[in-house]
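What follows are several structures.
Look at the two complexes coming up: subunit A is in both, with subunit B in one and subunit C in the other.
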Partner chain A sequence: MVQYSYFPGCNLKTNAKGFEKSALAVSKQLDAELVEMPNWNCCGTVHTLVSDNLMKRIAPTRILSRSSKHVEMLENSPKEVVTLCSMCNSTLKVVNKDIKNDESKLEPINFQLEFDEEEYKKDMEVKHFLEILRDSVGYEKIEKNVKKPLKGLKVFCYYGCMLLHPDEAKIDDEEMPAVLEDLSESLGAEIIFSPLFKYCCGSYHIVDQEDIVNTQVQKIIQSAKQSGANAVVVACPLCAYNLDAQQKLMEKQGQDKELLPIFYFTQLMAIAMGEPININHFEEHHINPKKLLKKLKLI
Partner chain B sequence: MSYEYIKIGSEEKAFIAKVEEISGQNVYSCYQCGKCSAGCAFSYKMDKTVNQFIHLIQLGQKERTLDANTHWICASCFTCTVRCPREIDVAALMEAVREISLRENPEKVRIADLPKESLEKLPNIALVSNFRKKTG
Partner chain C sequence: MKIGVYVCECGSNIASTVDVDKIVEEAKDLPNVAVSRVYKYMCSDPGQELIKNDIDEYDLDKIVVAACSPRMHEATFRSVLEDKGLNPYVLEIVNIREHVSWVNSDKDKGTEKSMALLTGAVHRSALMKPLERKKVGVIHTALVIGGGIAGIQAALDIANMGYKTTLVEKTSSIGGKMSQLDKTFPTLDCSQCILSPKMVEVNRHPNIKLLSLSEVVAVDGYVGNFKVKIKRNPRYVIEDKCTLCGDCLPVCPVIAHDEYNQGFSPRKAIYISYPQAIPASFIINPDDCLGIDPLICTKCKEVCGPEAIDFDMQPEIIEEEFGAIIVATGFAPYPIENIGEYGYGTIHDVISGLDYERIVSASGPTEGKILRPSDGKIPETVVFIHCAGSRDPSKHLPYCSKICCMYSTKHALQYKHIVHNGTAINFYIDIRTAGKDYEEFYQRAAEEDKVIYIRGKVSEVLKDGNQILIKGVDTLSGETVELHADMVVLATGITPSEGTKEMASLMNLAVDINGFIREAHPKLKPIDTAIAGIFIAGTATGPKDIPDTVSQASGAASKACGILSQDELEIEATVAIVDDSLCRGCGMCAEACPYSAIEMQVINQYGHSTRIAYVNEAMCKGCGSCAAACLNGAINQLGYTDSQILALISALGGD
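Up next, the complex of A and B:
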């Protein structure tokens, strides 16, 4: 049994509850338990690309420092903080590398952190849960835990940007990733390839330029359908929201009738590994994935 | 095809220096291959493509750079950054221009003008990242 210090990030507590609950459940089954770190704060969601502003690097550093203390209280825990959200993943990783390489940045940040009685000692690594599943748990073990193979599910693995970009944050090869595919395959699903696997969904433009997101989603979904997918698997709560809500909007406007349900990779794991269906919080999705699951006799 | 005489004087040089200072990149590294624009998921929305935009910065054209919508369409997906053969962090250049604009006019998005329903229904990460990128 290994325990990991787990940083949830804000969205896992609000509109991606199913993502968190399914991840916690499967992590226990796989003896790689995610334990929520105490007293965490928002990481800032996007890391700053500006060289002259340290303020935006304080929040991630505070998380790293608190997680380092949390690790001491856990069982067999490596010096790693684990994220589920891919935006948290990239923000924490980029800032971690940035301050590890540049003492002149860390020093003033640590001075600020004195007010919180924290000091970052450059001793943490940031990992995405997918990396833990691939490198520490292994697909073989996942396969052994599968009780209900996802037969008939044709998944398009959509990475989005932040799992593969920038270099400091990538969890796999940025042009030919395989981690989501390998995982889905070990759950018994069929893999569908579409060239738009990392074509940006429009991200935060959803707030003030919805038309951009709408066009992007249209292209991504159309390409997935043409390749023969009947579901999309993602790791980012913002990709999930954009793909889900925009498809529903297109249906309302009469542009599209056949919708692809969006799954977090942990939800697929939870279904295959026989966890109760309600932990997935499918009622929060805009497109109800239960329809497809019932059709394929998976629930 | 029309030609235009551009003088790179002190104002132009100051703008180039500012972009380089904020982004930590050398804008003259760019040799205009266009790989960034070709791979950009949003090129079709931009009035200046990414390499044209960088060219404007290289020539110190502050006003034209800020007038383009390129840096506001960019969603920082880093596709250009990971593909640039000259290893320029193109996304950081975009951020530098956004910053220069926001340090003069801090509200590209006016939070008070957003409808209450969208504030309630949108995921927190969408709101936080949008405000981080579009307000000063």
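Up next, the complex of A and C:
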């Protein structure tokens, strides 16, 4: 059994509860338990990426420092902080690399952290849960834990941007990634390739220019359907929200009737590995995935 | 000892910021100075006469000239000394133009610095000794490495000037990349048609010895006297006996990818890479053949009428001596497998420029019909992406490969000539048509043949069903572009070939940051390397088109003949010399030497065998790196000995 210091971030506690709960459940089954770190704060999100202002990097550095202490209390825990959200992963990785390479940046941040009785010692690595599954757990072990192979599920693996960019934060090859495909395959699902697997979902434009998101999502879903997919698997809460909510909107406007349910990769794992269905919080999805799962006799 | 000091005014170049009269006067008081004079132009005939007269009149035995850089007129003044029977190496030049007057406007300070330099020079001059120029013999044969168009041209030129030449080619045939091309820009003449006459000429030229399937494995020696080891790999077919009848082809049971056709067609394990190949003989590829161990298969041997097949051939090492070497080892296209944004070479219908050359060639796998690899259909829309992997310092090659704009334009034009209703789209960053008739060729493609040009880079190429999705930007309109094509041709750039890298490391040739062999001077010595007697031609030094390659090859041939035509070569006298009694054999000098001129030898000395440094004077360039590195002061550079330099320094210090 290995325990990992897990940093949730805001989305996982609000509109992606199913993502977190399914992840925690399967992590236990795979002997790679995610244990929530105490006293965490916002990852710092987009602020850290658009500015070189060190103030903006205090939040992520404090997480790294606290996680480092948390690791000491866990069982067989490597010096790694694990994230589920693509944005948190990207933010923490970028900042971690940046301050590790530049002592002059870390020094003033650590000076500020003294008020919290924290000091970051450059001893942590940031890992996305997908990296843990691929590199530490291994697909073989996942395959062994599959109780109900996802037969009939034709998944289009959608990456979006933050898992693959920027260069310091990418978890796989930015041009032709394979981690989601390999994982889904080990769960028994059929992989459907569509060229728009990293096409932008519209991202934060959902806040001010919804029409942009609408156009993007339409293209992505159209292309996936043409390729023969009946479900989409994602890793990012924002991608999930955009793809999910916009499809529902299109249905309401009468543009589209055939909707593709959106799954987090951990939800697919939970189903395949026989976890109770309610941990997925499918009731919070705009498109109810249960319909498809019932049709395929997976629940 | 009598030293003559001569100060040049160089018109006003020196005199305006140096008080020449003052330093001439002060120089008279320096030790051993017999005469000190100033003249307006020391390098002119009257200036030289002045020195000559003084040598006679004052019986001078050392000369110090304070003028411009020794790079300008050292040779001039040395010949003055030689004319008067003095050794040319007892001349010292003080550079008071580039080092003083041109870089300084304060006359007092300029005068002071000039005087200090002149004082140092006079002190050093007193310690200078006559030096002997040595001579070495020359072997009158040349070695050309690489049998592409550069090597072919260089070998032919040397051979036609009457010197024996050995042409070494790694593969089974000469011809290089040019033999794979269909047509050449901007004239659209057939590449093979202009190349093969030269290949045939190589084959029958009495002065050329062609070694195919051969590699240079060791190079020793120096200009005029290179000792080279060449490894000849077995062909398993006796060249002289093979009649190219082809009886072996139908019986050979092995099918492999044909490298000449970029893997788009099959070949047997016994094959000839293309009909015009030189040497005109079949070859058995030992990696494919079942029968190199003849117990398994001897089918070809059984049917071969002239009994040309010999499974027992072994690699052999040939040792030969050459006077000059030309490196023409060429390029390799940048691999499309490196370009992730265009699919890492995994998308079937995304091909490289060289792939396209074979597809469009009448002798290629499709016999000149343009068919795409995935399903053999005629593509209705073809996108040509310029700078694929070039001009991209963050991920790929930082430089421009020079030929891609033109060959992509040629490709698009050829496509339009064959598929009249098709659409050819070129994505480009800039169109660079710097060559004779190149711009006109581009205009013709865009205007007459309606090839579409979009200025902008393609960000992604993705498989989309049977088609290919291209996402890019039109930087003239600022719009993003998304379109579908049936085939994509990537204009991949030029990188140094494996052979180029191997030869550079084997011969200690300097390479640039991209791995191309570095010229001795980028502008004024573009054909020389830092090693005397080794010249470069073609794309081994960087991207070049065919005309440039051929011109450089002819240049290299003429440079090589400049050496081959001598009976003896004079070597510079200012070489390093080892004091055997001081050398302790640490080898730091050998490491410091950029020209590989020093090797460690074991000699018998005082009844013991000791390791000491040995300087090959023919290879030494007199740079002084070894003398600076030697901790014991055991290596001295003649003409710049430690005692001379120390005398100069202490005089500069006002001592």
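One rule holds for everything that comes next: the second predicted complex is superposed on the first by the 294 of 299 C-alpha atoms of A that agree within 3 Å, B and C clash if a C-alpha of one lies under 4 Å from a C-alpha of the other, contacts with A are read in each partner's own complex, and residues count from 1 in each chain.
Please note the rule applied: a residue touches a chain if its C-beta (ideal position, glycine included) is under 8 Å from a C-beta of that chain, and two chains touch if they have at least 3 such contacts.
Values in this document were obtained by computation on a predicted structure and should not be read as measured data.
Legend: residue contacts after superposition of the two complexes on their common chain; A:286 is shown touching neither subunit B nor subunit C. Shared-chain residue A:226: touches subunit C; no touch with subunit B.
When both complexes are overlaid on chain A, the residue A:248 reaches neither subunit B nor subunit C. Taking subunit B and subunit C in turn and counting the residues of subunit A each one touches, the greater count comes from B. Of the two partner chains placed by the overlay, neither subunit B nor subunit C lies in contact with A:17.
When the shared chain is aligned, subunit C comes close enough to touch A:176, but subunit B does not. In the superposition on chain A, A:100 contacts neither subunit B nor subunit C.
When the shared chain is aligned, subunit B comes close enough to touch A:207, but subunit C does not. Residues 174 of subunit A lie at the contact with subunit B in one complex and at the contact with subunit C in the other. Residues 340-341, 343-344, 346, 460, 462-465, 469 of subunit C are the ones touching subunit A in the complex.
Against subunit A, in their complex, subunit B makes its touches with residues 21-24, 41-42, 45, 73, 75-79, 81-82, 89, 91-92, 94-96, 99, 109, 114, 118, 122-130, 132-134.
Touching subunit C in their complex are the following residues of subunit A: 173-176, 193-196, 223, 226-227.
Note for the complex: subunit A touches subunit B at residues 9-11, 14-16, 42, 44-46, 48-52, 56, 85, 87, 161, 164-167, 170, 174, 198-200, 202-209, 212, 216, 237-238, 241.
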